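What follows are several structures.
What follows is a pair of complexes built around subunit A, which joins subunit B in one and subunit C in the other.
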Partner chain A sequence: MIWQFDIIILIFMVVTAVIALRVKDLLAASMVFGIYSFLICLLWAEMGAVDVAFTEATVGAGVSTVIMVATVFSTRRRSKD
Partner chain B sequence: MEPALASFLQEQIVPKFNYWVYVVLMMIGLYAMIAKNNLIKKLIGMSIFQTAIILFYVSVGAKDGAGIPILDHHTYEHALEHPGDEHIDRDGYANPLPHVLMLTAIVVGVSTLGLALAIAQRIFTSFGSIEEDEILEKLQPGGHD
Partner chain C sequence: MKLFGLIAVIIVGALLLSATGDFPDFGDPQSPASASPLSTHYIEGSVYETKVPNLVTAVLADYRGFDTMFETVVIFVAGIGIIAVLRAFGTPAAELPEGGGEEGDDDLIIRTTCNLVFPVIQVFALYVVAHGHHSPGGGFQGGVMLGASYILLALSCGLPAAKRRLGERQTIVLAAIGVIVFAGWGVACVLFGGNFLDYAALDPIIPGDVQMARSHSMLGVEIGVAFTVTAIMFVIYANLSTRGRLRDGL
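For the complex of A and B:
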């Protein structure tokens, strides 16, 4: 583990988690959540867990972002909180 | 700064900073699941909660200065030529057991998210809203429909 890299990614992760929960536009929230998933993927690749990293990149960041965007488009885009 | 506090910081907080960040992420997710009104926001919170726990488990298996858990070519050839005489440097590889366990947890988490989003779409077709308070209002016996 490279701790400088670790700290930068962890700070970005907390920031993206908070932004994904605070924006009122649900499409933007899904996209920021995709960024969060890719940051986790980076963190795992850096920890030596490459298999977990590419599963997260395909399944976590890819598929879950796509199904979330599909749900946002078939329901409502604005959120009250 | 107090010497006791300084030593506590040095021994407990700084070397384990990643665990503290995972706890923060987990609590962000728990807060969103409880306090957010929108169903999709709740699901984003659930995913953040799950990934924080998975991160914790994978982090337990990580080692300082270790590479990925795949045997390099020379070690493999040596083990083939001298069976029973494998001297594998265990500190050079990250522990792969938590990785394999958490691989399952990621897939389960994504399928949970997919099912929950499908249920959210059904709720939207039935109630015309994905806000929790509006749904609860329509569920009241006095409310219309």
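For the complex of A and C:
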């Protein structure tokens, strides 16, 4: 566990979380959520929880992103609020 | 209203941040989670009791197998719920949204790349399932990867191509088989005189000693989990991307 690495990942996580909330384009928001999942997967792998990181990489970053993109294509692409 | 929301977020955030100071340090051996006799027993005894080097799988599939069984049931029920809500039986073709991709207008590069990557993903997913009790991985991860390979096929070559390999009826049967394998393994333990999901009772029919019986049983239930997860992931994608019509997807 390297604390400098942790700080960098955590800062990126906060930035991607804020972007995912602020961006109006829902497709872009799903993509940013995928990046967020990969970052948290990286954090878990770095903390030694490799099984959880693996699950996050496959479920969170992989399939969830695809499912969200598939859902965005069935709705309007831009968010109103 | 926005101001109220901001104040609420600041107060709750400050409370949470002040509470994080009470967390034990990372990897602290004296923290309540690490110091309990149960976790000490898992950490020190699981390799001798089950011959499974991956402690996470030993806890998930053996010590807390009942919990994992109902997680599998949750995924199964989620898939059934998706089908019940989204699947549109007998909708006339005229109502299809415009721009639904027809088969045959795909890019050659995408098709070729996906055809090359598809078997590699599947073999790696099977390795993750089969090797889940010796290295990170297991039924959930391997099953999701196997389902993702079919999703990739549906994205690159169209949903009909994926449905030819994993039809709708097959997916539901596969998902049910996964739950039945997991629960049936537990019932088999009862039939041999043990408790439900007490794999040590299966020693007479599984080669090797009692520890290997538990190790092999973990592999068996992980395969059941992988069946269910594979099928349900593909069902969720197929129904979501086509609004339940199962044709002309993304």
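As a convention for this text, the second predicted complex is superposed on the first by the 81 of 81 C-alpha atoms of A that agree within 3 Å, B and C clash if a C-alpha of one lies under 4 Å from a C-alpha of the other, contacts with A are read in each partner's own complex, and residues count from 1 in each chain.
Rule of thumb we're sticking to: a contact is a pair of C-beta atoms (placed from the backbone, for glycine too) under 8 Å apart; a residue touches a chain by one contact, two chains touch by 3 or more.
This one's a predicted model, so the numbers in the text were calculated from it and none came from an experiment.
Legend: residue contacts after superposition of the two complexes on their common chain; A:Phe73 is shown touching subunit C, with no touch to subunit B.
In the superposed pair of complexes, A:Met47 makes contact with subunit B and with subunit C alike.
Of the two partners, subunit B and subunit C, it is B that touches more residues of subunit A. Contacts of A:Ile7 after superposition: subunit B is touched, whereas subunit C is not reached. By the touch criterion defined above, A:Phe33 lies against subunit B but remains apart from subunit C after alignment on the C-alpha atoms of chain A. Residue contacts after overlaying the shared chain place A:Val18 against subunit B, while subunit C stays out of touching range.
Touch criterion met: A:Val63 reaches subunit B and subunit C at once. Across the superposed pair, subunit B and subunit C both touch subunit A at residues 1, 47, 50-51, 55, 59, 63, 67, 70-71, 74.
Contacts from subunit A toward subunit B in the complex involve residues 1, 6-7, 10, 13-14, 17-18, 20-21, 26, 29-30, 33, 36-37, 40, 43-44, 47-52, 55-56, 59-60, 63-64, 67-68, 70-72, 74-76, 79-81. Across the complex, subunit B meets subunit A through its residues 17-18, 21, 24-25, 28-29, 32, 36-38, 40-41, 43-45, 47-48, 51, 54-55, 58-59, 61-64, 66-69, 93-94, 98-100, 102-103, 106-107, 109-110, 113-114, 117, 120-121, 124, 129-131. Partner subunit A is touched in their complex by these residues of subunit C: 26-27, 54, 56-57, 128, 136-138, 140-141, 144-145, 147-148, 151, 155, 233, 236-237, 240-241, 243, 249-250.
Within the complex formed with subunit C, the subunit A residues making contact are 1, 47, 50-51, 53-55, 58-59, 62-63, 66-67, 69-71, 73-74.
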